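Below is one structure; the comments refer to it alone.
Lettered A, B, C and D in written order, each chain numbered from 1.
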Amino acid sequence: MGGIFGVVRKHDCVQDLFYGTDYLSHLGTKRGGLAVSGPSRFSWTIHKLESSYFRSKLEPNLPTLQGNIGIGAISDTDAQPLSFTSHLGRFCIASVAGVTNSEELTRKATAANCFFSGASDGKVRPTELIAMLLSAEKTFEDGIRSIHEKMKGSCTFLVMTPDGLYACRDKLGRTPLILGRKADGFAVSSESSAFQNLGYTYMRDLGPGEAVFISPDGCETRIAPGEVMQMCTFLWVYYGYPSSNYEGLNVEAVRYRCGACLAEGDNVTADIVGGIPDSGIGHAVGYAACKGLPYQRPIVKYTPTWPRSFTPQNQEARALVAKMKLIPNRALIEGKDIIFLDDSIVRGTQLRDNARILFDYGAKSVHMRIACPPLIYPCEFLNFSSSRAALELIGLKAILALEGVEGKNIERYADASDAKQAAMVEWICGKLGLTSLKFQKLDDLITAVGLPKEKLCTHCWDGSGWGHY
Amino acid sequence: MGGIFGVVRKHDCVQDLFYGTDYLSHLGTKRGGLAVSGPSRFSWTIHKLESSYFRSKLEPNLPTLQGNIGIGAISDTDAQPLSFTSHLGRFCIASVAGVTNSEELTRKATAANCFFSGASDGKVRPTELIAMLLSAEKTFEDGIRSIHEKMKGSCTFLVMTPDGLYACRDKLGRTPLILGRKADGFAVSSESSAFQNLGYTYMRDLGPGEAVFISPDGCETRIAPGEVMQMCTFLWVYYGYPSSNYEGLNVEAVRYRCGACLAEGDNVTADIVGGIPDSGIGHAVGYAACKGLPYQRPIVKYTPTWPRSFTPQNQEARALVAKMKLIPNRALIEGKDIIFLDDSIVRGTQLRDNARILFDYGAKSVHMRIACPPLIYPCEFLNFSSSRAALELIGLKAILALEGVEGKNIERYADASDAKQAAMVEWICGKLGLTSLKFQKLDDLITAVGLPKEKLCTHCWDGSGWGHY
Amino acid sequence: MGGIFGVVRKHDCVQDLFYGTDYLSHLGTKRGGLAVSGPSRFSWTIHKLESSYFRSKLEPNLPTLQGNIGIGAISDTDAQPLSFTSHLGRFCIASVAGVTNSEELTRKATAANCFFSGASDGKVRPTELIAMLLSAEKTFEDGIRSIHEKMKGSCTFLVMTPDGLYACRDKLGRTPLILGRKADGFAVSSESSAFQNLGYTYMRDLGPGEAVFISPDGCETRIAPGEVMQMCTFLWVYYGYPSSNYEGLNVEAVRYRCGACLAEGDNVTADIVGGIPDSGIGHAVGYAACKGLPYQRPIVKYTPTWPRSFTPQNQEARALVAKMKLIPNRALIEGKDIIFLDDSIVRGTQLRDNARILFDYGAKSVHMRIACPPLIYPCEFLNFSSSRAALELIGLKAILALEGVEGKNIERYADASDAKQAAMVEWICGKLGLTSLKFQKLDDLITAVGLPKEKLCTHCWDGSGWGHY
Amino acid sequence: MGGIFGVVRKHDCVQDLFYGTDYLSHLGTKRGGLAVSGPSRFSWTIHKLESSYFRSKLEPNLPTLQGNIGIGAISDTDAQPLSFTSHLGRFCIASVAGVTNSEELTRKATAANCFFSGASDGKVRPTELIAMLLSAEKTFEDGIRSIHEKMKGSCTFLVMTPDGLYACRDKLGRTPLILGRKADGFAVSSESSAFQNLGYTYMRDLGPGEAVFISPDGCETRIAPGEVMQMCTFLWVYYGYPSSNYEGLNVEAVRYRCGACLAEGDNVTADIVGGIPDSGIGHAVGYAACKGLPYQRPIVKYTPTWPRSFTPQNQEARALVAKMKLIPNRALIEGKDIIFLDDSIVRGTQLRDNARILFDYGAKSVHMRIACPPLIYPCEFLNFSSSRAALELIGLKAILALEGVEGKNIERYADASDAKQAAMVEWICGKLGLTSLKFQKLDDLITAVGLPKEKLCTHCWDGSGWGHY
């Protein structure tokens, strides 16, 4: 995923930029950086986040940054923000992007004698592609339109110039970009929760494809928003911070409703309801309240030293962290029937381990409730982590096991009313060693979010969302 | 506070020692260290935890440590563990201690030509005093008895020798020390929650004053436990990790009962129940369940970059962190009557700020419920942080304001049935700008914990606990 | 200045690359970096050298580098080596370059929709310009020819591809590039002294404008050397390492002859001969031997902590370092007539301070002898440090003082037989507080070097060297 | 070896302390530290010097130090300075010491219930022993006398108190301690060369056993110097910095005379004279001048990144550094007869490697001249590095080879006029592959130094120096 933050003030912006970007740390785990436009030059600093976190790594560099315009990025992939010079002048770019046709774009550009920097394997990074497409047009506005037209996947980005910054939301609004203001300036962010403690008040969400130019003197829409929207539903289900709103809909409230939807008509009985930290907690709280069962914390994350952002990149280390950071509480588990909520099941390995641990600690039964339907269509639009690669999705493994052929009858497995889905859920339930397993129905999920289905990308679950190119 | 962890194995103990000590990170914020006894020498590493946390700081040094016996410390005060040589041979010490007569002990020792290391201001650190008192006796056992006799305050400590380690709980058991075992060894810890993910199973809590010698071959009680116990009640209320048990009583379960006790007979009505993260959450969950109101998260801590252990030492930085790390969720606050739980009120400044923020975000009412009685007797036994200095306790400020004299009628203010306490609570409620405020009654707290009152130190609330010297 | 080093081996090249580049540390003070071509990707690491030096900074990153082809750079300016992707494929560039028409080149390229990375002030770095000019042509060879044709100033560079590396010496050979070989591979370096301890034997100097492609299988000249050469004479006088040879002429031997030339016909008498460390020592040794006077060390550099590469970038820090790193030896100074050698006089401030210190330590007389003529034409070809800016040259200040007009009669001041130069030398001698001052004559310098004048750039002294574009 | 530096000023002393201690970096390679006495507390910082050097490591900590009294240490062994508290109050100690009876001292102290800190292997560090012996007496003066009496080996040390500092030279003056002053204070140092650039002027050397108390108001001798002196001759031969004076005798001048003594009567002929950097250069310069041969630099140390202080502790790394940091210059070696000077031969391995390299580079002959006699009695007084362990001295190996028994006829091998020594020198010459080898005669060395023999410790060469306990 990843997150971006921008500030334009009449005074120095570095403090706001630093804390605002830090508030996006849950969106990425690989690189974090800041760039600032000062009197006559840009300055920037970028760090790896793999062994320490954004605030620790960047804080020592703050004195080297100075200026009233700034952009920041938390990235799951490439080093950002990057600085460029072209006939458009000097500019810096930060992006949240998943580009599926980068090879094609690269090939065309290099054929026209363009060259790209910094690609260790020759695969050009999204931020460079954005710079290339911008530089190929007469104005930034034309360049942004060209990006919407030519780049496949999704691309929300910020372009900092010496005079202000362009905030550009993805053509179909797959990822959010939100405007805020305070007395002497403006901010733009992937998460509205980043505004609050910095004194920015929410203005509005940018529309799909909208581009706004923000200068110290004001905000101006340079490219009007489009009609069609395909916002990623997963932001509410998993990625977003509880205090954030997207399209006016609060993340924690959506999760509460997700839990409530699951509780309604769920005839399982239990002693307590818990959530897998942190992803299942919002859902569990809603489930418990709706069901009239006590919400409790049978598993607690050891937050003092395992903050969420420390998800290491290799699988072995990830498994160790997954085990070490959760501490079960036997006093709340032993002899109990427990309903557990989580946001989704990707590969299912950690959930299987958690289930086994719960039984080891004496749970009588473990009923898992998942806030969204089974994932069976790999995302083609955003840059999710590699663990969501097609072959690793437990839903696809179930289909392969049940059908003997990859992806056979996939539409029926996507249909909650079809017996095939029921068989798949039963297969997964068995694999994970659960007492019972239920997934949210897609209609219920959409109801819980509160936007019309046509504005949401639900591709992971029903394979839709392609028609919009 | 602080925490200590020890391991004795037949094989290398460094991994267990590292993760075990890391799991005590919530107990201290200043120094962290490990010491290991290898074939012919001790090795150790100690780091400041103020700008980064234990795991990041210590991990690069692990390759320098090797051995089958080890001790670790997370400290709110001095660098630990320290290594010593005396007629008893080589040994290392880690401690959780608050020594109130250190000047007297230092004076007597230096008069006998002893000298101490490392005290920048001439004030000798507890670990050095322990070494001095041990070295003044013929055997470690005599030394430990001498410490129980001569040292005022509290002192739980580990002594690593080349052959094993002495685990010594404070004379009155004010702080815990818990034994665990696995196939090839033993561990001892301030928190039982540190055992679970490392494969240690709980054996038993050491008794007050008990000293156990642990070698690779077994555990042996060298000094039998005493009869009298004055365990710090605050460990359940605030310090302890939810998954830990002390004296067989689970921390989260105690907090749940604290919340439930508060809910019972509380006739306030509200839309939701929330807890101040992280200290109030366990209590809030119990309150909500007992009251039949939905538990929700109107304030969320930004854990990705503000883990609990990063409490800076200076007041200004602490206020900034307090503000930045909590993100209110307007969607759950606006127009709502909210019951909020917290563990205790020390100075009340952060609670006042939180209350103001909740009203700023549109709360209709903020009803604060506190899991313990008002703090009016400063702790004289443990090493709490300086913010608990006598003059800063809001309870004492209330008494001064109401009586015009410091501490006048303090016994009546300690009595929940006395009108004086009611007046104090009203005064505090007004100062903090709350809609309503209730504190737990001491009897209810003791019931929630589940130990007989005479085994608990309740000094903070009723001034008892002195008679035991 | 700056230095570059490249290796192509049949086996892993990282150790050789690391030490080889480290041996160029005297050539630059700002950035150092390495890039390696591994099985399927490039990897690289670049560090600031301002607070620590190359070896310390880079050593921890070595495990992240792997491959049999590598290039390294020590730079006085920009971060290097950089990686690029274009229609030519993936490549990395390291350069020693001073480009005087970069604005023009940038303007033309951006007009053709090219864009550049990483320029904080919009000024494009030489390495990016090289990448741009290469990418604009069909082959690397065409690109290299284009660079020779279009880039003004000087440019010696290495281009690493997945298959080998192009070693390209500046069109007029202003800076050196030298080939070496060992059993399983080749190296190319700015200094031949970098080869010796790594087991490479000298093959030959590249000719001016020559481009050699080096693969694990052999070296092949792709662009033949040109006829015209204008090698920078200063490399022998100051920059080069004593053990290096350029064009077969040893640096230390040239300095010895410089000193000897100065001694011949110098009728001053003295007790001892010394050199300003480190720049004057080679010259002093030759002077002393020729004159039959004892060479001694009246000033010693404190090398344990002030290695040469730690020349800070700001003037105040530079003055402090200049003072702190040299320790005078009163025992060798007091009451002595001393002849001191140095390589050149730029601004003269440090020499003036050194002279005053020598008299403070009791020197009876200080006779300064300079290994080259007065610098009066600022270098327009290489990237010298800013202290060689036109207005700061003491020679130009002398002319302004003597003529009342900037640069008036400059040709006569360049002529050692003209009374004007004698007046200038006398003026400088007075300003610096010296007993006597003599500069080398240009003819003698050329003789000491041992190349025909037309192959040497002597622009700093006589303003020649322009006609070759 | 190691070095210590102290400052007492009326104003803040940190800058002087930092640079003064840094100027002792050539004396040690393991630990460096500073301690300062501020208004109400001591502050200190200590670092490992193995991977970086003093100035880089300590500079970031300077802002944490404040005060007008300070001491610093460069240590080849233990972390220093250390802080202590005893009946004498607070004090800090830095020392240059080699204690040969530390086990006995430790045993006696622990029998009296003393304990020591920080000894990983139970071996108590000199600085702790000093603290123990001081604390056992009524006054600092009595304690210093006790140290002189009870401690075997050598011990020069500084004791910082809140009011000033005690500067205490070893009982027999084996290592130096030198006083300097400036307008507002005093400094005391192992090397006089540390004073000059900081503006201190030389006052005097402390006498053997002398203790001076230095306060901001003045210096006062508290213990008068003794009559007997046994100063280590090696300080002039190898350890001392060229610009330093000990007992008024300049190090570089002594080395010049050493070289001259060797030249006199040496009938070898050669083209050039060179020195092994840095240890042989001072000697070579004197030899060349006396002999009337040109001094040249056939081997140059790569000082930019291999400063002297980076001598790693393990043998393999040391051998790599020894090879990498010296760069031979073929132009000055090939076809030449060369006389090479060095200070001494310890194990001879590096000299053997250097000789082989010189022949590889084409030397016709390599005549090695050593500034002192053969080392055959291991030092028992100072803390030399482990490479000087008895069994590794090439002199002792020669005796074993020639006699078949360890140490047989050692007195005759110590005698330059005995045929046994001639045989030993011939044996060593063969082992090292030299054309010829000559050692200085002890009488000539003593003459070169310029002190009466009875004031110098010449134990390494003649086994004397024991009678003084």
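In the analysis below, a residue touches a chain if its C-beta (ideal position, glycine included) is under 8 Å from a C-beta of that chain, and two chains touch if they have at least 3 such contacts.
This is a predicted model, so every value here is computed, not measured.
S.K.: Spell out the chains that contact subunit A while also contacting subunit C.
M.R.: Looking at subunit C and subunit A together, no chain touches each of them.
S.K.: From the C-alpha centres, identify the chain that is farthest from subunit C.
M.R.: B
S.K.: Whole-Å distance, subunit C centre to subunit D centre, using C-alpha means?
M.R.: One centre to the other, that is 37 Å.
S.K.: In angstrom, rounded to a whole number, how far apart do the mean CA points of subunit B and subunit C lie?
M.R.: About 62 Å, centre to centre.
S.K.: Taking each chain's centre as the mean of its CA atoms, how far is subunit B from subunit D in angstrom?
M.R.: Those two chain centres are 51 Å apart.
S.K.: Find every residue in subunit A that makes contact with two or more other chains and list them.
M.R.: none
S.K.: If each chain is a node and each touching pair an edge, is that a line, ring, star, complete or other?
M.R.: ring
S.K.: So in the complex, which bits of subunit D are touching subunit B?
M.R.: Answer in residue numbers: 40-44, 82-87, 89-90, 106, 110-122, 124, 128, 131-132, 134-136.
S.K.: Which of the residues in subunit B end up touching subunit A in this complex?
M.R.: Spelled out, the residues of subunit B in touch with subunit A are 19, 22-23, 25-26, 51-56, 193, 196-197, 241-243, 245, 250, 252-253, 256, 278, 281-282, 285, 288-289, 292, 294-297, 300-309, 323-324, 326-332.
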